[in-house]
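Multiple structures are listed underneath, in structure tokens.
Two complexes, one shared chain (chain A), two partners (chain B, chain C).
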Partner chain A sequence: MNDTLLYGLTACALIGLGVFGLIANPAPLRKILAFNIAGSGVFLLAGAVARRGAAAGFGGDPVLQALLITGIVVAFSATALAVALVLRLNAVTGDVTLAEPPAEPTDDND
Partner chain B sequence: MTTPSGWLLVAAVLLPFIGMMVGLVAGGRHAARVAALVIVAGLAIAFATARTVLDASQVYLLGGWAPPLGVALRADGLAAAMMVVVAAVIAGIGLYARRDFATPPGVTEARAPLAFWLLLLAVWGSLNLVFVSGDLFTLYVGLELLTFAGVPLVCLDGRGETLRAALRYLLFALLGSLLYLLGAVLIYGAYATLDIEMLAHLVQPGIVTWTVLALMTVGLLAKTALFPLHIWLPPAHAGAPAAASAVLSALVVKGSWFLVVRLWFDVMPAVVTFDAAQLLGGLGAAAIVFGSIVALRQKRLKLLVAYSTIAQIGYLFLMFPLAFDIATGAMLHGDALTGGLLQAASHATAKAGMFMAAGLIYAALGHDRIADLGGVARALPVTVLAFAVAGLALMGLVPSGAYLAKKLLLGAAASSEQWWWTAVLQGGAAFTAGYVVLVLTRALRSLPAPLQLATKVSRLSEFSALGLALLSLLLGVAAVVPAAGLPAGLISNPLAPKELLPTLLVVAGGFALAATLARRPLFGDGPWRRLMTAAGTGFENADALLRRWPTASLALIILAAAFGWLLHTGNPA
Partner chain C sequence: MTLLFDAALVVVLLGLAAWVVLARNAFAAVAAFIAYGLLLTLAWLQLHGIDIALTEAAIGGGLTGALLIGAVIRLRTAPPAAPATSMTLALAAIAAATTTAVLAACVLALPDPAPTLAPLVADNIAVTGVENAITAVLLAFRSMDTLLEAIVLLFALVGAWSLGADSAWPGRPGFAQSAPPNGILAYLARILPPIGLVIGVYIFWTGADNPGGKFQGATILAAIWLLTMAAGLTDAPRVGSRWLRAALVAGPLGFIAVGVFGSYSAGAFLALPPEAAKPLILAIEIALMPTLTLILALLLPGPPQRTSS
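Let's turn to the complex of A and B:
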């Protein structure tokens, strides 16, 4: 097994774990962490692809490396925004859940 | 090569962001002034871009580096049309929000107004970036910027429920962008470029392109909130302040929709299969029925408008199966795409006007319970007129943009012999008529005593809502402008029997739906109403189920698999 294949498979595993966490975990903070795990998986995959497509004398394809850095910045901003929202939600409502509050009592004539 | 007017594209993207930063530094009430200046300049840039694109598509190579190493900004007719629409809607929203988001007297700076004006500019800049981006990664960045600008707009007032809606929106959108980015990496791995024009020549149907198209499409659908991935939309759009709802509903969802258009029509037109296009259009048709019925069951006006957005998003996807050319097995630029674009333009203007009118009604009454709207037409005639005009425009009455779009799509359905889309296009209007009729019959009811208004609404806001609604209703005039390049004879005499009959049928259908599905009977009870109400409750329960996180994310994965499978089986391997 060469190293790009190993990286690629690890990336798939990370993406799978992350997506599972994003779907199955009800707590927002865990969803944010899961998003980051899946995101790392995508970045690792980008690394593996860059490595595979490297020209002679290069460690990896520089275009993909540039994209990767931008991607990390975007993921970081997303995480910061999400954490800020979680903190604010906790400060305002005292709990952190994504579930919608129970519907107001239904009056069928209304 | 950079074209002579290519700098306009850079200006269109940079100007709003520069305005945003200047507004942030200047702070306080300067932010609104900076925004006003940027809106005037941005309108000029959008129209100038459209003017030059009429002659030739514009290109700007960043730093003079050509793709695949460099990044190109390109404006074709599609991009220029969307830029003009967005500029016009932003201007309308800017006028509307002058009163709502004025810094109160006595303070130097207030959080919500400052945030609103800066985010408005950020949304605009991000949308322009999405429209002119020439490669899939810059598109990703533009899309993320759009999400980051849209999410805080949801929770401008800082209430717990809006914060929760914003967080749901952000997390679901992130799931979508993850799939998109994964697709971008995979396609770069296969073709070593992300440039749209280069990819268009290179891509071949195969396991990589099927996977990429399925992942990217579904990721974008999650951000567009196409049924059944509309988990985040109703609370986010209904909870935000009216001006922000207008931005979110009229503009932000169009960004990711536009990207789906780019992908299907420009990047991988030959990878698309008949079945996959049918699935995309089918989701749109389901969205129309589902969104409209649940809209009719709402108690609050803003939620009704939010669900109507879900239905209208469905309309935007009807053009995909109609643009698929069976002879060449590819997506074609043609009447169907023009129709879809017109649909987007008329929805952007009409829905912005509708949310603004709903916001004014809420502000004036202090509530927006549909059942208690009686008397509001007398108290706020201009606002209710704006709502009515926006509703008529959405229904596709002559000479609205939606009418023209419907004509083009009906023509495409006839020429490609896909009669079932004819039924969807004609029937969909009746669903739209349903909730417009419902709101108007409530609002037009007269009360014995004149209504006491909680606050006086601003004339400027009322007329900017009316202006946008009228713009949508008159968009059909584009048919007589030769530069639009539309086929002749699209607009005919609205009173001719051939035109009048469908219109009357649509309105009658709307009355029937409103009478049988509304929470409180319009004209009395009956067995039909009981049956339909039970069905309506069923739709509401289905909606509650679909908007739970696990169901929505499973639907996302199932849809990705379905698109992948249909792209695979539809192609000779």
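Let's turn to the complex of A and C:
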């Protein structure tokens, strides 16, 4: 097993973990975290593909590697915007859930 | 030996990622995410992506980690969300397993020899005058991506600002910070900025020929600015301030100006005439650097919160 295959398969597992967390965890902040895990898995997968493209004296395909830098920066800006949305939701409603409010209050609610 | 290191690194990465996803405590999940980001830096080094490793350490682990710690602390008092039903968990597990299986099949079926653009870059890099292939790609071969990225960053900041309450507009982002003036935080916030300034500018400047560049350098500058803000030594600027708004659009506008110059002198938008390629690349980088520093720093405190200092 060579190193690009190892990192490529790891990336697949990371994306899977991120997808699981994105669906399974109800808290929006945890969904953002899970989305970042999935995103870093995508980057790592592309990084393994870039490493396979090593040629002409470069350790990896520089075009793909440059796109990854762009990707990491854009992922940060999207995360910052998502966090700002969650914090605003919390400031307005005092809650952090994305669930629909109950249609009518029931007796067992506090 | 290297493969043994790779295998150990991969096991720790997967363990930390699982901790981020499964931990009960949100703060523990964020802490694991920061450790994960730093270890991912090692994976980038193993994959010969030194520029990516620098970006990952600075932005993926560092800035994102600081952002999430701030968010998790402010959400401490929020009521916990209702836990997922076992039906949702089962569906999530199936979706995750399917995604991983399909992707793994694709990884195993990757073509050999791998397609690569490296020889094209090697043939044409001399024209650009820079020696770091990543910088050549970012600012010459695919500069449209970098231009759009700078604009995406600006839009993200505009989006975050627009989430401020009307009563706080056009005030200062984040909450007023104060630290004991003789405490360790204020001490570090006085000692570290000169060092950080030199390192940040060096990483920016050396990016033309060595690993580094404006994103990594701007992140370091943003970090020291945030440190002085956290210690209460400086305050975030008002979002209505004219100099701030001018500085935020200056970078993308400078980039577009170079692009328009290219359509006259080299026949295409963002094309660089070979005899002036290096000075023009430098011009783009110098124009983008202050804008990137401001945006990366101001994305952390987020929308305006207070009209007075």
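Following the convention adopted for this analysis, the second predicted complex is superposed on the first by the 102 of 110 C-alpha atoms of A that agree within 3 Å, B and C clash if a C-alpha of one lies under 4 Å from a C-alpha of the other, contacts with A are read in each partner's own complex, and residues count from 1 in each chain.
Just so we're on the same page, a contact is a pair of C-beta atoms (placed from the backbone, for glycine too) under 8 Å apart; a residue touches a chain by one contact, two chains touch by 3 or more.
Keep in mind that this is a model prediction, so the values were computed, not measured.
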| item | value |
| --- | --- |
| Partner chain(s) touched by A:F35 [first = chain B, second = chain C, both, neither] | first |
| Partner chain in contact with A:L81 - chain B first, chain C second, else both or neither | both |
| Of chain B and chain C, the chain that contacts the larger number of chain A residues | C |
| Shared chain A contacts, counted only where both chain B and chain C touch the same residue | 15, 18-19, 22-24, 26, 28, 32, 45, 49, 52-53, 61, 63-64, 67, 70, 74, 77-78, 81, 85-86, 88, 97 |
| List of chain A residues in touch with chain C within their complex | 1, 3-30, 32-34, 36-37, 40, 43-45, 47-70, 72-81, 83-88, 90-91, 94-97, 99 |
| Chain A-touching residues of chain C, taken from the complex the two chains share | 2-3, 6-7, 10, 13-14, 17-18, 20-22, 26, 29-30, 33, 36-37, 40, 43-44, 46-49, 51-52, 55-56, 59-60, 63-64, 67-68, 71-72, 74-75, 78-84, 88-89, 91-93, 95-97, 99-100, 103-104, 107-108, 110, 114-119, 121-123, 133-134, 136-138, 141-142, 145-146, 149, 152-153, 156-157, 159-160, 163, 165, 213, 215, 295-296, 299-300, 302-303 |
| Chain A to chain B touching residues, read off their complex | 15, 18-19, 22-24, 26, 28, 31-32, 35, 38-39, 42, 45-46, 49, 52-53, 61, 63-64, 67, 70-71, 74, 77-78, 81-82, 85-86, 88-89, 92-93, 97-98, 100-101, 108-110 |
| Chain A-facing residues of chain B, complex | 68-69, 137, 140-141, 144, 147-148, 151-152, 155, 158-161, 163-164, 166-168, 170-171, 174-175, 177-178, 181-182, 184-186, 188-189, 192, 194, 235, 299, 369, 371, 519-520, 547, 549-550, 553-554, 557 |
